[in-house]
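To keep things simple, chains are lettered A, B, C, D, E and F as they appear, and every chain counts its residues starting from 1.
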Amino acid sequence: MDPHILASKILEWVREDAPFGDITTELLVPEGRSVEAVIIAKSSGVVACVSDVARALKILGLEAAPLVGDGEEVRRGTAVMKLGGDARSILLFERTILNILMLLAGIATKTRKIVDIVRSVNPRVRVAATRKVVPGLRALVKKAVALGGGDTHRFSLSDAILIKDNHIAIVGDVEKAVRLAKSRASFAHKVEVEVTEPSDAVRAARAGADIVMLDNMSPSKVAEALELLKREGLRDRVVVEVSGGIDEDNVAAYAKLDPDVISTSVITMKPERVDMSLEIERLL
Amino acid sequence: MDPHILASKILEWVREDAPFGDITTELLVPEGRSVEAVIIAKSSGVVACVSDVARALKILGLEAAPLVGDGEEVRRGTAVMKLGGDARSILLFERTILNILMLLAGIATKTRKIVDIVRSVNPRVRVAATRKVVPGLRALVKKAVALGGGDTHRFSLSDAILIKDNHIAIVGDVEKAVRLAKSRASFAHKVEVEVTEPSDAVRAARAGADIVMLDNMSPSKVAEALELLKREGLRDRVVVEVSGGIDEDNVAAYAKLDPDVISTSVITMKPERVDMSLEIERLL
Amino acid sequence: MDPHILASKILEWVREDAPFGDITTELLVPEGRSVEAVIIAKSSGVVACVSDVARALKILGLEAAPLVGDGEEVRRGTAVMKLGGDARSILLFERTILNILMLLAGIATKTRKIVDIVRSVNPRVRVAATRKVVPGLRALVKKAVALGGGDTHRFSLSDAILIKDNHIAIVGDVEKAVRLAKSRASFAHKVEVEVTEPSDAVRAARAGADIVMLDNMSPSKVAEALELLKREGLRDRVVVEVSGGIDEDNVAAYAKLDPDVISTSVITMKPERVDMSLEIERLL
Amino acid sequence: MDPHILASKILEWVREDAPFGDITTELLVPEGRSVEAVIIAKSSGVVACVSDVARALKILGLEAAPLVGDGEEVRRGTAVMKLGGDARSILLFERTILNILMLLAGIATKTRKIVDIVRSVNPRVRVAATRKVVPGLRALVKKAVALGGGDTHRFSLSDAILIKDNHIAIVGDVEKAVRLAKSRASFAHKVEVEVTEPSDAVRAARAGADIVMLDNMSPSKVAEALELLKREGLRDRVVVEVSGGIDEDNVAAYAKLDPDVISTSVITMKPERVDMSLEIERLL
Amino acid sequence: MDPHILASKILEWVREDAPFGDITTELLVPEGRSVEAVIIAKSSGVVACVSDVARALKILGLEAAPLVGDGEEVRRGTAVMKLGGDARSILLFERTILNILMLLAGIATKTRKIVDIVRSVNPRVRVAATRKVVPGLRALVKKAVALGGGDTHRFSLSDAILIKDNHIAIVGDVEKAVRLAKSRASFAHKVEVEVTEPSDAVRAARAGADIVMLDNMSPSKVAEALELLKREGLRDRVVVEVSGGIDEDNVAAYAKLDPDVISTSVITMKPERVDMSLEIERLL
Amino acid sequence: MDPHILASKILEWVREDAPFGDITTELLVPEGRSVEAVIIAKSSGVVACVSDVARALKILGLEAAPLVGDGEEVRRGTAVMKLGGDARSILLFERTILNILMLLAGIATKTRKIVDIVRSVNPRVRVAATRKVVPGLRALVKKAVALGGGDTHRFSLSDAILIKDNHIAIVGDVEKAVRLAKSRASFAHKVEVEVTEPSDAVRAARAGADIVMLDNMSPSKVAEALELLKREGLRDRVVVEVSGGIDEDNVAAYAKLDPDVISTSVITMKPERVDMSLEIERLL
């Protein structure tokens, strides 16, 4: 993420967290006081976007250096980022920075956890995020997924066609919907379609879908759909994504079936808890 | 939350989710098509801000009526909100609305859960949120806490004095920090101070703190602090808040000790998963 | 485009066109005066986004009804939109609305013109826009292209991978760049690569590119590239886009060669001039 | 234009062009890689606002130095701006910067072309722009007009009174409209009125208009209006502007008639095509 | 002012006044409660922009009707605006609306006061505002000046040329500065120059200035400047503005000298105190 | 105030003051010209936020150094801030900076004046501001109050409970309102209530209000209320604020009665006039 864009987002969040300033700090910390501080992990996890945040903080007038690489695992006690500069600024920004870094690390950590399970079973299968993401932080959240080893999936409603149940209800039929979409969509975008029945997977693939999402199917139904696609000679012509109700407990069962992608909202909706705190190390 | 302010926030989030529109819907759903839809809970929980969102959606041109009261519990299958109007709009807004409602319901549900545990042990004790909140949604998140039965605590760095370890490190001493803050802060704001030792709780109370936060203390240390305060005749002069590492597993132990407030980031950082979906019910 | 989003864009543009109001109108037109007006084409062309603008103007308090369908051709004298309401508002918005409608009609008209040339030669070939677009109006401009019969191509840097000369210069090699991109990109996004030599087209296709853009090649070089791809059995595995220096004068020569897509910045950079004016028809 | 204001506009445009980042570059270009690049003209023209853009890019963290002066003519191959810094940033900003510089150079070039025709005929006559300008870039577009040798005319509805047909329709009469405006307008603003009949030019001048715009008149009608004004002794009391349907083909005919100003939307609506590209020169 | 633009400004101000809502009202006033209220003048003055504010409030969902005309004088007890609708909204907006209406009425009242003094002495002389205006409210403040009977003067640095001491210091000479400005400025804008010596007034007028501002001159020096201009036959060729240190106590002395305009920052910097309050009249 | 937040506010204000640039300066001052300038007080007063503004200007590319401390008194002729850098920037920013500094100094000066009166009578009593503040500048205005020696009071509707007449009208009763508020408000916020009768002060205090505001009472009624509170043993349990119609003429009479706080809108609504100007000292 461009550091100037992130810097302006951080300022906006700081304005939310301090509409009239940090009244405690302004009462107690003299103007012009400098400090050195460090952000420390208080639990283990995979950190994300630390270098992005550090670059943005430099634009905002602080010294800031990442002490671990993005996507790396840290343990309780690991120093994550070094900060220096005006004490009032650091205390004003503290909570906002921690809230972001903790959220993003939580997402990267949960992604890594599920990716590791899947890889141990079937290294070919990708783990992807969904659009079930807290509003306002989409770009960072998707980057955290990638740093955790996941696939970002589409970022928004504007970058890939995804035909869902409500669309099909209006168009009237899976095949018709896929054909319409293929003929009207830009050649630059892929066409994906969500199906809930194995037979519809075949019809979607035949109609030219680039990606077929098997939604809310049990493992046995997924197996049936994959089998049907193979039998019809369509398996290599589509990317098969499995989605719906998948979490760390059942993901291995799906991975074994050898779909191309498993997507789950768990990685963005139930991030691991990765705790961090900011500690002032030296008064200058 | 004022519905026009929320409406403009929703538009901003929709812009994030569809910077160039909902390309699938625009390809497949004819302009001018109207539908009726309903938002359904797919798991149980306490809903929050449904009426706020409905009011905002009306400003954005949709029919929208809450079907359950905010703060009420719903079960899998309960219809939460009725929607009507332009099909393209409804599908464009779908994910954004669901993401918000699910997050807020998750927070209200987790709050309720912890509040219920605390009340069963000690009905006098309040459960409060912290500022560990995802950026950009502060007002809604705090409202969800309140709807779940929790205390919002301060909203931001601007509405109450909270002297923390880093401030004390700079000022040099708990008592001095409290006295400085009391003399300089506006009479309209309370002064709270975070202490990690029972003896500091006494010193803070004596210096005039309105609220003393016992931070990261074990139950036995909390008990010791409360005992000390009583012995010094200070217990009634301060609000005692307990904080740090508290979750559903250990909150009862703290509640029994009879502090005034127990605050925990768990209610905003690890919301319950409350799933909802939007279903088109009728094509008009 | 969601009408509330467009309405807020229009307000922003009106603020640019009248930072302290429309001083002429405020001096001469009494408050509360109502009028009926009409937007008239003063030259022929294909109109675009008229219904979007009309919906947005309704949100801004005016009566507004499109009188022609988007994508339809109009002639000098055709009434394009009917407007009613407060005279001051209509005069304040006049220039902004006309500027947008004229620009978008100009783009749709030029697109249609080139699409018609291409179709007369080879109906299978798509005409696509590029990202050479005036900043701030991307979504509307792309929609105008679509209404003119063109393909929007990717909307932004975020919705498809397009490996260009500068990327290859940094990575060092076409094939390596394509392989890297294919392995790292999300499965939801296509990978396109720009090549300037026919042999590179083959290497790119072999490396797995979804789309190969033949950039700045003469028709004979394009023919050579297509021939090579066929010979290697790769023609059906990639979408072939031709781009660079193409306009109405030479597009037919390229279309005859049967690529899949011809993209040209002419449709957004040199729109046809479609003139419109707003005329007050009745004072109420 | 203040460089910080332009920098924030550029960031906004980059956000439009990359709502979730430049996914190609992020996949292929390592973080922290530095390059030197140059913007090169690929066709001849008059450049505009190069130094403004360079100053803004410095604020955004790049090295940037204009290599030609604003308002200077360049030829195919001329290096226009030197850039240095983070490769990812440069590639992210590339298209946005080129789109602006090409548009503004196109406007300056077209302005210069028309100014040159006019000067060769009558050096006293000014060539002015109109408000037919793409929304969102008004200040830069007007500056490009000035750099091309044109007169900006009023910037917006707020900086001069311009009484048009629709105003007169409401007020009922040219003279009455001018008198009303003169008495009510601030002394700091000029009063201009648009007339379509030579006799109205006289009435407007007599009523005190500072500027009379002869709108959509043929050259012979313009001559008649100027003659009438002279005869009535009013020629020196008003600035005479000629406008409507004027372009490079007929501007000389109007210039010969010796009005004070000729305004034309051609310079902003049909800019010359000035092509530029960004080339990476050195990997650091 | 366009009511949608004002509505969005009001929302922004309400967000400043209630970043996390109106916590008192939300605790005490039930959702959905409707009331009727009235804004009452608590001291006498000239009201301004009441109808603008009422129109904006309607957009924001309230019933709102002005009860006095803008520019009219009110007395203690006069009802200024009627309001109806959701009690929570009305209480949330109360202070913001009152703060604006009181400020604008204060400006209109002070303007009227000075205009009345001037008119009683010399009805031909205009009273004008300056740019000494609180930031963020320029358009409204200038409108209040006009409603009080004053001349808005230029709105901003973009709508008229005003050559001040610092410009002359850089250019080196009044005459040179005026000539440069006249030759370079758009024909649509007036050129004004600030002088501190009577002889410079003559030089400025001779160089072609449209307006000469006699800055910080005593009445006798102003008389001298006017006399000099007359003697040189320049008095009718320039608008003469007198400015600097003028207030209600000395304005008559200047008005008697018969300049064209007297400008004073007193009308925007020291508004009269016009008190208003909002009273709930009926609970519905 | 965080300097980056203030810098972006200043840019926004400059955009208001120069939507299309400072056309005078751009015509007359060559690009790249540097100057040194100084802001000078032209009347005496207490300066405020000079260091905040200087820090923000540095972010905006100027050299800027405060020459007096915030809260210090200056006299006519005192140099307040030193500025250096690009002449065009300094002239562009001049008026905006002066407008802010003059307003804030005016507020600090008036606050100091009233604080001095109060202290001379009763050093224990605080002077507090209200929310009668021009919109858009709340944080700076409150800081100016503090620098003048005043108490900011609550910043907004979100940081303390203040039960006013309209709330009581809806709830029906002072005591009920206070009890409701105390039970529902966060423990982090104080509960204040406005009363107009001495007996209500007692009822409010008994119901648990943290602060009782005696609104619009004459000194004798205030004395009665304080006496009643003492008699009931409640005086030490509440903060007593006196408000309504208080200014420099009558504040001493109230201060003598020994309330805790006297609040008055005079300090923000009728700031002292503190004049400043920017003078270019050296052309570089």
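The rule we apply is simple: a contact is a pair of C-beta atoms (placed from the backbone, for glycine too) under 8 Å apart; a residue touches a chain by one contact, two chains touch by 3 or more.
Note that the coordinates shown come from a computational prediction; the quantities given were computed from them, not determined experimentally.
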| item | value |
| --- | --- |
| Farthest chain relative to subunit D (centres taken as mean CA coordinates) | B |
| Pair exhibiting more inter-chain C-beta contacts, B-D or A-F | A-F |
| Separation of mean Cα positions, subunit F and subunit B [Å, integer] | 31 |
| CA centroid of subunit A to CA centroid of subunit D, Å | 44 |
| Computed distance of Cα centres, subunit E from subunit A, in Å | 51 |
| Subunit D residues counted as touching two or more neighbouring chains | 16, 18-21, 92, 138, 155-156, 158-160, 189 |
| Chain-level touch network, classified as line, ring, star, complete or other | complete |
| Interface residues, subunit B side, partner subunit F - complex | 126, 128, 151-155, 158-160, 186-190, 192, 211, 239, 241, 260-261 |
| Complex contacts: residues of subunit D adjacent to subunit A | 7, 11, 14-15, 18-21, 31, 60-61, 89, 92 |
| For the subunit A and subunit B complex, residues of the former touching the latter | 12-13, 16-25, 27-29, 33, 35, 37, 87, 91-92, 94-96, 98-100, 102-103, 131-138, 156-159, 161-164, 166-167, 169-171, 177, 180-181, 184-185, 189, 269-270, 273, 278-280, 283 |
| Parts of subunit D lying in touch with subunit B, wherever the complex brings them together | 16, 19 |
| Subunit A to subunit D touching residues, read off their complex | 1-5, 8, 51, 59, 138-139, 142-143, 155-156, 158-159 |
